[in-house]
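Think of it as A, B, C and D in the order they're written, each chain with its own count starting at 1.
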Amino acid sequence: MELGMIGIGRMGANMAQRLVRAGHKVVGYARTASTVEQRVKEGAISSGATSLEDVVNKLSTTPRILWLMVPAASVDDTIAQLLPHLSPNDIIIDGGNSNYQDDIRRANELKKHNIHYVDCGTSGGVWGLERGYCEMIGGEDEIVKYLDPIFKVLAPGIEAASRTEGRENKGGTAEYGYLHCGPHGAGHFVKMVHNGIEYGIMAAYAEGLNILHHANIGKREHQVDAETAPVQSPEHYQYDMNLPEITELWRRGSVISSWLLDLTAHALLQSPDLSNFSGRVADSGEGRWTVKAAIDEGVPAHVLSAALYDRFESRNEAEFANKILSAMRFEFGGHHER
Amino acid sequence: MELGMIGIGRMGANMAQRLVRAGHKVVGYARTASTVEQRVKEGAISSGATSLEDVVNKLSTTPRILWLMVPAASVDDTIAQLLPHLSPNDIIIDGGNSNYQDDIRRANELKKHNIHYVDCGTSGGVWGLERGYCEMIGGEDEIVKYLDPIFKVLAPGIEAASRTEGRENKGGTAEYGYLHCGPHGAGHFVKMVHNGIEYGIMAAYAEGLNILHHANIGKREHQVDAETAPVQSPEHYQYDMNLPEITELWRRGSVISSWLLDLTAHALLQSPDLSNFSGRVADSGEGRWTVKAAIDEGVPAHVLSAALYDRFESRNEAEFANKILSAMRFEFGGHHER
Amino acid sequence: MELGMIGIGRMGANMAQRLVRAGHKVVGYARTASTVEQRVKEGAISSGATSLEDVVNKLSTTPRILWLMVPAASVDDTIAQLLPHLSPNDIIIDGGNSNYQDDIRRANELKKHNIHYVDCGTSGGVWGLERGYCEMIGGEDEIVKYLDPIFKVLAPGIEAASRTEGRENKGGTAEYGYLHCGPHGAGHFVKMVHNGIEYGIMAAYAEGLNILHHANIGKREHQVDAETAPVQSPEHYQYDMNLPEITELWRRGSVISSWLLDLTAHALLQSPDLSNFSGRVADSGEGRWTVKAAIDEGVPAHVLSAALYDRFESRNEAEFANKILSAMRFEFGGHHER
Amino acid sequence: MELGMIGIGRMGANMAQRLVRAGHKVVGYARTASTVEQRVKEGAISSGATSLEDVVNKLSTTPRILWLMVPAASVDDTIAQLLPHLSPNDIIIDGGNSNYQDDIRRANELKKHNIHYVDCGTSGGVWGLERGYCEMIGGEDEIVKYLDPIFKVLAPGIEAASRTEGRENKGGTAEYGYLHCGPHGAGHFVKMVHNGIEYGIMAAYAEGLNILHHANIGKREHQVDAETAPVQSPEHYQYDMNLPEITELWRRGSVISSWLLDLTAHALLQSPDLSNFSGRVADSGEGRWTVKAAIDEGVPAHVLSAALYDRFESRNEAEFANKILSAMRFEFGGHHER
């Protein structure tokens, strides 16, 4: 098939390359001309375009397929600029990290112009070129079916994991690593929750490893005064834990083996104390939206929220709250900060 | 009555003074001789002692009453040093912040020497001299009853709060601000949970005020890139909230009025941005023990735990966990920290 | 002054009554005619109206003042029905529990009709008639100033709490229990956070009291098998705590004394085991919005979120999540539920 | 090698079988004679014993190796009964779920008798026979080295996962799935944290899937009254998510693929609504100890604690806390439970 890839940064270029390798034709566009040239040279895209209009014009098959791989904040603008150049039945796929509520709005707006909209949440990161992308898709049945050859090529394929017992005669695309999850927005909704879970799992490892990291606290001296309780049993915290070895150990046979653990073991092997990191952790939207969805639904999300807040705290956003606590302690107990 | 006050720092001296003012005789002792002299001069104690033995000798009424107001870590030592000078039926009161499990152990050990042990959790901080102390008491019925005149004087008294409807003919000491809560350890158990609740309440105010403090975040510029979600609706976060006025406001008629709020309003009036504090918040034992008790009992304590952990995080104890998160993000997504 | 009170249920009627008692004239309206008659009979309102149009017509002073005390979900409808009958410069006050983002939208819409909008978050519950209402107000400076006589009468007044040291020459209305917090929406924003804090404080007490309630768990027999860890130290959990007495105790001299504690002591005195309650806890919006605001601002809210989720869990909304956990445990360990 | 396996329930029998298959000799013992007979018939053990003494006598090589696979609560008793029959230098391995603090105590006690103690945390559940066991080992260097042939056979082996880049010339046993983690207790400490992390990861999936499960909440009718906020945007919650397909989807290419996800996909395939489970989730000790360790160390563990508390709540242990909340709401607002 033929498609226009709008946004050929790291993610977009890798996806384009995977499509090109499988025989699809990809017209690529980026705002910086040199990026386009670079991608052509790398063979990541079949050909380059100089403007959004040029992308549209260079697609010869109809309906045209336009895959957006741009920051969530730029999607509306990009669509607005594309729209005048499109024809009825053309298809826009948002493969980025949009909020699913924006998908619903956009699909409704584009419907008035007879343009089809598909949302596709994509997981795989920088590894996708090699491992394939897990695609979570929302949109109209026929359109998603029409795009199947594209989704299939981007996906990891069935051999990427062992077969789940009982799936032998089930059919469907899920075990190939892509899925039509439901109507408009369903793809990004599932991707949103996916990332929410990701935050939770990451935090579980991080907290556990931090506990191992401090397992030698009993070796340190602690002061004795009225305000600080003595460490209750220093003799129980005398361990210098070797985290690179322990994370490697857990990769085999344990209940907590996972791809994130594989990556953690790799990172710790390279730098056991992670001194190359400062610990200011970004968050990119989906974790926040997941918690908001939980609240709208009225279901508890203690763990996913805590994981999110820990990131906020890593960026010092609790500072004023902590000052309030110190001020209260000074007021009622005359306690001074140390 | 007559009692020895061992430990006449800020807390112990104020308690002694309250007893002396009410006509009790207090022999005071501190390890530093100048402190003792100072307290005598202030009139906080009736007379001073030069050693633990000297305290015991200066008490003429039997059974002798020895009130310990020393750091939790020093209680066992102090008792060991006192023991040789005591006689059967003498009474030791631990008025500090001991773990209730230590009370149970100590009471059992002292029983072998026919010494009575009473645990008394005390709340009131630096305000206790003026407001009185809320006393949570554990120990044997007869002994606690015997000590009633002491507890009564230290307590705030019934006029410190309006009467709870329905209490008119109930009797008991609770509405005077002191209570025999149960056998050995019950006093410090109740005090422990009291402080656990205190941490939770403080955190509730601190988090809420932090949300108000950041209510103007929509005025700040935010970057647009693939990793950072745009602020969803900056137009909704344009408020410069006046926290000294708002906390004062809530003191009257609102559901969240409390003594801690009174103190917070006072602190914010003096320093609206709390720039005199850094936000490193200490924790002194009871908050930790409360959570451990919850775990032993198998009951959830989401809020009390979160309040405790927020203090740990204020002291940067999550740093390594955060580095793990950053390392994972780099591994799967090539994300660099900012 | 003269105002129309639209919505004279429990809250609205009490507020009207407080205004009438102070000499203001209140025209009251409810959808049910018998309610209006009843309120006239009680003297809660000066006169009754039969329709929204009738309320407007019965107000002789201009600009007219219309105070809405209706469910948040009905505010937009009510305003739409009122609008045709209003004249330029008339004032609508939303005294209910609206989301502050709706205030901003409404104020902008009404501005086009030269109608002024004021949002007033109100705390005080069923006690407000007697104690006064804590009012958190958002809107235009002049309009809020114009309404001052109304706000002042509804507020508790300065004598409702002791004066904060340092406030002697500060002036302002905060210490009377009402405050102009900022532009449109600021009032409900502050009220929202107020309720978020309220949830957190309530949860702190609830968790702590639950820990005391289970302090006798060591008396129960526990089974010994491979899946259940033995209670580590049953000897430490032998206390039958008297919660009515303990909550009463904490009302005097303790750091955690508060109005919510006063109410809790009252409730437990009447029913020590609270057998008249089932434990399904409602939540009414502000707690949810507070957490969403924290997320939008990127600030942590561990405690306020946990308090909210505990309410969701009390209504069994975690059931499917728990089934997932049981299913996992069965899958990896063959564990059957008990 | 030759060893005695004490406790040949599901776990112990599978481990014995794995050893026997590799050529080791295993003398098995269970309190129920029929179990022993059964295991001999199955070929899970080389021979059976009728008492602890009999196990010891049937081991011909010295030092004797005794592997305990009994409930944590029975370990001390079992050791006490074994001790009279052992000789200096014999080795006891605790392969169960002991608290690491008990390991430290036991090792010290056994040292006086010249008996060596090794703690071995074991993960793998019912799958271990086939997949191998992840072993986390604590004890003396020489003893652990001596037991290497046993640990190696029980472990999954290097081929159980792809090699971590950079490990080629590192050596060590971690990538075979077993590790000497440190001195006495280190094995169970690492296993404890492993399980703590396991709880956290499980909860992350469970919460996320629960959010997907409720993604159709907008289809339900909601009441409009003063106490319940309207669902803010029902149009955004109209999805009927297919969880068996979505969990299968995530197994390939996504960031959250893991063995626990594999199991979850299997469970949901068999029963999409998990109606065969009630949602009462057990917890078996390590999760609790992990949180206590975090508290002793003074490091935050928001996520691991929340995961633990969610289990407590699934068993209704928050009931009294919830009643407190309902009682407070009734007191301040006259709110009745629904």
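As a convention for this text, contacts are C-beta pairs under 8 Å (C-beta built on N, C-alpha and C of every residue); 3 or more make two chains touch, one makes a residue touch a chain.
Since the structure is predicted, the reported quantities are computational estimates derived from the model, not experimental observations.
Steps from chain B to chain D, taking the shortest chain of touch contacts, total 1. Both chain A and chain B derive from one sequence, and where they touch, over half of the residue numbers involved are common to the two copies.
Of all chains, the one whose Cα centroid sits at the greatest distance from that of chain C is D. Chain B and chain C have Cα centroids lying 29 Å from one another. Put simply, the C-alpha centre of chain C and that of chain D have 44 angstrom between them. Put simply, the C-alpha centre of chain A and that of chain C have 37 angstrom between them.
Touching of two or more other chains is recorded for residues 125, 203, 205, 207, 209-210, 214, 232, 255, 259-260, 266, 283, 288, 296-302, 306, 309-310, 313, 317-318, 321, 332 of chain B.
Touching chain A in their complex are the following residues of chain B: 9-11, 71-74, 96-97, 99, 125-127, 202-203, 205-207, 209-210, 213-214, 224-230, 232, 259-260, 263-264, 266-268, 271, 274, 277-286, 288, 302, 306, 310-311, 313-314, 317-335, 337-338. Here chain A touches chain C in the complex through residues 255, 283, 288, 291-292, 295-302, 305-306, 308-310, 312-313, 315, 317-318, 321, 332, going by the rule given at the top.
Contact residues of chain A toward chain D in the complex are 100-101, 104, 123-125, 128, 131-134, 136, 155-158, 160-162, 164-167, 170, 172, 174-179, 181-183, 185-186, 189-190, 193-194, 196-201, 203-205, 207-212, 214-215, 217, 231-233, 235-242, 245-246, 248-262, 265-266, 269-270, 290, 293-294, 296-304, 306-307, 309-310.
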